[in-house]
Amino acid sequence: MNVVPYVIGILILLIVPLFLSTYWIGLVTRFLIFALFAMSYNIVFGYTGLLSLGHAAFFGTGGYVIALLHLHYNVNLFWISLPLGVLVPTFTAALFGLIALRVSGIYFLLVTFALGEMLYSLAWNVKWLNSRGMQGITGITLPDLAIPGFTMDRTWYYYLVWIFFITSCILLNRLVRSPFGTALVGIREDESRMKAVGYNTWLYKYLAFVISGAFAGIAGMLFSYYNYFVSPKHLGISTSFLPMVMAIMGGLGTFLGPVIGALVFIFVENFASIFFPQRWPLMLGGLFVVIIMFAREGIGVYLWRILKKVERRFGSIKS
Amino acid sequence: MRWFIINMLNGVSYGMVLFLIASGMSIVLGAMGITNLAHGAIYMVGAYVGWTIAVKWGATFGLGLLVGGLSAGLVGLVIERGLLRHLYKQPNEQVLLTFGFVYILSNLCLWVWGGYSKAPFTAGFLDSSFEMFDFAYPKARLSIILIGLLLGAGLWWLQDKTRLGAIVRAGMDDKETTMGLGINLEKAFAVLFFISSAIAGASGVIGAQLMGVDTELGMSVLLLGLIVIIVGGVGSIQGALLGGILIGVLDAFGRAVFPQFAMFIMYVTMIVVLIFRPTGLLGRKI
Amino acid sequence: MEVLKVEGLLKQFGGIKAVNKVSFSVEAGEHLAIIGPNGAGKTTLFNLINGQLSVTEGRIHFYGKDITNLSTHQRVHLGQARAFQIISLWQKLTVIDNAMLTLHGTKPHRFKMLRPTKDFKEVFNQAMETLRTLNLWEKRDEPVKNLAYGEKRRLEIGLSLAMQPKLLLLDEPSAGLSKGEGSDVIALIKNLKSDITALMVDHDMDMIFEVAERIIVLHYGQIISDGTPEMIQHNQKVREIYMGIEH
């Protein structure tokens, strides 16, 4: 495996804040958070082939854990928020997985959608889940790392997110190249053959669903600190749609596809929100339709092919 | 007793709207294997068009219903002929494509009709109450129940008794053979999708009597339709009817008893059905 | 040693009894062929034995253990392996990936999440040996869909064998193969170790008479005849069903 491009990418992300304004640092932070969200979705959909329409349920749950700790218990200590921010979404995924995986195909889609909307509805209606007098929870502040003499700011927060992003990339990459990961692809391509050679496919799908949910929860946790605010819509379909678009746009089932998709998405979204904010959903829907019809393999795959051609060109020069 | 009847009627009338929504989705899902997530958005388009005709331009409700249904049918036809039919062997892509249209159509409606929701409206002659037993009940709601029953009968006839229904069922089983027999499956699919979308649009106008029209309908109606399908079972009109009425009645009584959590009754029902009978109460294997 | 015992198996679809009160048992090392006209219930029977379908009535015993309610993957771990009528391989994956994925299925480390598959050298070596034996090592990086039909069939059966099963279920192994390719399959079955039991369904009578020691004839889901190839050849009922056999 050629590590050079990855190292370059990691370094770029590392030094980028030194050259950018706070606004742009915020944008890159947002990119990393959504790239993680999209990568998590890629596990359950891209690799395992399970089309889930309720992935934001776990993302939003991660965000709400942080927000609720802040709102009701005045807890801002990262070392308390972090384990909860990971465990609660994981537990939610474990529970939802049991329900959703009782069915397959279209039903799975419908059920994951409905479960996500159920959480949305819960967050909308239950007073305890909202700041006084409004929908959602505001006033979330950047995490306190309890390091003496250290104050967290937007730039340092970017680095915190960076650490989580890189760590998650490494873990997910290992997962995907492991026997477990290859089994997921086997299930996507032909589940009945997998059963016929000895795999307990339900268990694999369940684990993929839960792991996927866990990483989505981490992304959601990081999102709430970045956004200072969580709302019910972060649990519902409008947010579930995002990692799907990003993963498909960048290349479903490829490792870095979701990252590329997130990159393109965040910057197009930023551009659109400045010039035609009212028509952004229309553009998004249109873009999505175009990609499904004409570029289903994603931009990421085209880029990879070009890279391979370049490699071959250089290879032939060497020999 | 009166309380019981009123809530029952409320539940059944709302349930009929749910049935209309779910039956439209079920036709395409059961007969063509397509999960049309844009069904709610098409419902919304029909409702807005109906509103424009019946309220804004002051024409009759009936005309609004007709034009709303037809224009929605047209939208569906365009989507199917232009795009969906190229994706027949790829169910995941189909679903995703229709989902993209939820955003497109919702935003277009927002653009054309603006962000303020439209209040419920109905036909002039239905805008009063019917004296029954010892209370007065809105005629509009009663007419919904009636229409629901009529449509249900019509759809069942279409599904089980007509050539079109048989063609589509054959096509679902074995496309090559059906086409080899000279039957124009493409045309049948197009007609079916048109019918499904037209029903969606008409349901939009009918439902507008209870729920009004707004730009969130794309998603909210989709969700309702999906829950009814999960509960009632896919692929049959009977399932959509049972699911719709059940959810409608539970919702009505739920709202009467604990209004804050009425929404959850739907979700709880769905989860219970999933645990004990995953294919839905009257589900048929697709 | 009784490997498989099937008692009163019934599988009903609506009004149709695809498998109708079938009972038989198989001893270790036997090569048993199941024949019958199309629609006789042969593949359904395999689906019941291997777990793709659940029985309506009846019981299945494998090495004395009642496996009637076990799922397919559980039966695989007890020692079953199956080659399918319609070739079942991961078409988009490469030959070597197909081999690795198949072989991992019965290995405990198929659940490992943190080490790359390549690290599991033992499985890789086993895959390499298997592919070399099948003459497919050179094509290991080709997606399976690019292979010739005969090569795919060879790969599928070869991989089933590499799973080191105790009971091998071969569903129409010679379907679509030329004479030459068919004889490869015959050789493969003849060379099976003596402790491997083979159950096969096929229509190629030449092959069946060459490799099977015992034949069961199915018709409309019921056993018409059960005996040695000579007995079957001379059975009146069977001849009626199979008009036109030369032998």
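The first chain written gets the first letter, and so on, giving A, B and C; residue counts start at 1 in each chain.
As a working rule, a residue touches a chain if its C-beta (ideal position, glycine included) is under 8 Å from a C-beta of that chain, and two chains touch if they have at least 3 such contacts.
In this text, all values refer to a predicted model and were calculated from it rather than measured experimentally.
Asks: So which chain ends up closest to the centre of the protein, judged by Cα positions averaged per chain?
Replies: Per-chain C-alpha centroids ranked by distance to the global centroid put A first.
Asks: Based on the averaged CA atom positions, which chain is farthest from chain B?
Replies: C
Asks: Centroid of chain A to centroid of chain B, CA atoms only: how many Å?
Replies: 33
Asks: Round to the nearest whole Å and give the separation of the Cα centres of chain B and chain C.
Replies: Computed from C-alpha means, the inter-chain centre distance equals 48 Å.
Asks: So, what's the distance in Å between the C-alpha centres of chain C and chain A?
Replies: 43
Asks: Scan chain A for residues touching two or more other chains and write them down.
Replies: Not one residue in chain A touches at least two other chains.
Asks: Quick one: which bits of chain C touch chain A in the complex? Just the residue numbers, please.
Replies: For this pair, the touching residues of chain C are 50-52, 71-73, 76-77, 81-82, 84, 88-93, 97, 100-102, 104-107, 109-118, 120, 159, 163.
Asks: Could you list, by residue number, the parts of chain A that touch chain C in their complex?
Replies: 171, 174-175, 177-183, 185-186, 189-190, 192-201
Asks: Spell out the part of chain A that touches chain B in their complex, as residue ranges.
Replies: Chain A reaches chain B through residues 51, 53, 99, 102-103, 105-107, 109-111, 113-114, 117-118, 121-122, 125, 237-238, 241, 244, 248, 278-279, 281-282, 284-286, 288-289, 292-293, 296.
Asks: Applying the document's contact rule, which stretches of chain B touch chain A when the two form their complex?
Replies: Going through chain B, the ones touching chain A are 29, 35, 83, 86-87, 91-93, 95-97, 99-108, 110-111, 219, 223, 226-227, 229-230, 234, 260-261, 263-264, 267, 270-271, 274-275, 278-279, 286.
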